[in-house]
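In what comes next, chain A is part of two complexes: it sits with chain B in the first one and with chain C in the second one.
After this line comes the complex of A and B, so read on.
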């Protein structure tokens, strides 16, 4: 298995005006290259939640899209901190520390991380004060 | 229900119409929320038959609909989306309606007309 396509997108801290733009671009790319609507939708929902988290909870970062020759889609969302002190708590549906500004955007239900995990076929999260990295993999489900 | 029928019972105005065939589309389900991550977590089946009812009148409502492959958003409580949001609707092929009704009233009316919760 080898990576046949890679693109790195920047996500800026506090860039509320463009929140979701990277996810829109990724979704469009996937549809253009012929990834099924069902998989494109799972990827889009997961990456959108990750992108919003990077903007409202973190200091921005990058989202990397990789596609392999076996059809696997991988997304790596890597931010610049401040990290998640208790990952288990953060993964609990309903847990949120969202600010008023984030709530105004329509976020802060505490559903993002659990929903990312459900949509991805493989999910891993690592976090330290230097940053949080989500590594997600998606494949066609039979 | 068709978009036209939904607009009529909600006394709603159409701000962006999606595609030529959008008027023939039949919607059967409604999900109502102001929190986009609830919509992103709950709407899992038949997005093309699902209407998003929301009081959130910003770009994230349109982005959320785009990620979920939704085609019809109804904004409640008489909020008026700005031009940017109307343009996004056009770009994404999403019809945007705005109704003066409250969320509760809009849900009640659509339920009475036979629209049901998401499955």
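After this line comes the complex of A and C, so read on.
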């Protein structure tokens, strides 16, 4: 298995206005190269949630899209900190540490990481004060 | 039912008419990740959130349109973003529940 396509996208801290842009671009790319709507949708939801997390919780970061010759889609979302103190709590649906401002805008439902985990076929997360990295894999489920 | 037929039957005000998509159901919610997790393609989305990010959620979830309830208003920049995406924006002066009931009565 080898990577045949790779693209890196930047996500800026507090950039609410552009939240969703990376997921929209990635979804378009996947549809263009013939990935099924069902898989494209799952990837897009995961990217969207990762973007939002970087914007409201982290100091920004990057999202890398990789596609392998066997059709595997890999997403690596890597932020610049401050890290998640308790990952188990962060993975609990409904748990949120979002600010009041973020909540008023409808963010902070505590469904971000749970949505990512549910949509990905493989999910791993590592976090330290230097940053959090999500490594996700997707493939056709038929 | 198409969006245009839905507008005709409900009397919701059109803020911007985009693509005339199929409406296959309704989703109500204001917590974006919740909507992102549970919404389904071709639903009309009733919300009171009117900032830029609702356009991203609606496009990614492939909703047929957004119905803004409770007399909330879309800022100009949001309407512009919807135009770029061909996404219909509607306005209801009713509360969320009554807005949903009107869609139900219209046969959605």
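In this text, the second predicted complex is superposed on the first by the 141 of 142 C-alpha atoms of A that agree within 3 Å, B and C clash if a C-alpha of one lies under 4 Å from a C-alpha of the other, contacts with A are read in each partner's own complex, and residues count from 1 in each chain.
Just so it is clear, a contact is a pair of C-beta atoms (placed from the backbone, for glycine too) under 8 Å apart; a residue touches a chain by one contact, two chains touch by 3 or more.
On a predicted model such as this, the values are computed, not experimentally measured, just so you know.
Within the superposed three-chain model, A:125 lies out of touch with both chain B and chain C [touch as defined at top].
Applying the stated contact rule after C-alpha superposition, one finds that A:107 touches each of chain B and chain C. When the two structures are aligned on the shared chain, A:23 is found in touch with chain B and with chain C. Within the superposed three-chain model, A:72 lies out of touch with both chain B and chain C [touch as defined at top].
Judged by the touch definition given at the top, the superposed model places A:49 against both chain B and chain C. In the three-chain superposition model, chain A touches both chain B and chain C at residues 17, 19-20, 23-24, 27, 41, 44-45, 48-49, 52, 105-112, 114-115, 118. Against chain B, in their complex, chain A makes its touches with residues 17, 19-20, 23-24, 27, 37, 41, 44-45, 48-49, 52, 104-112, 114-115, 118. Residues 30-34, 36-37, 41, 47, 49, 51-57, 59-60, 62, 77 of chain C touch chain A in their complex.
Contact residues on chain B toward chain A in their complex (touch as defined above): 34-38, 40-41, 47, 54, 56, 58-61, 63-64, 66-69. Residues 16-17, 19-21, 23-24, 27, 41, 44-45, 48-49, 52, 105-112, 114-115, 118 of chain A are the ones touching chain C in the complex.
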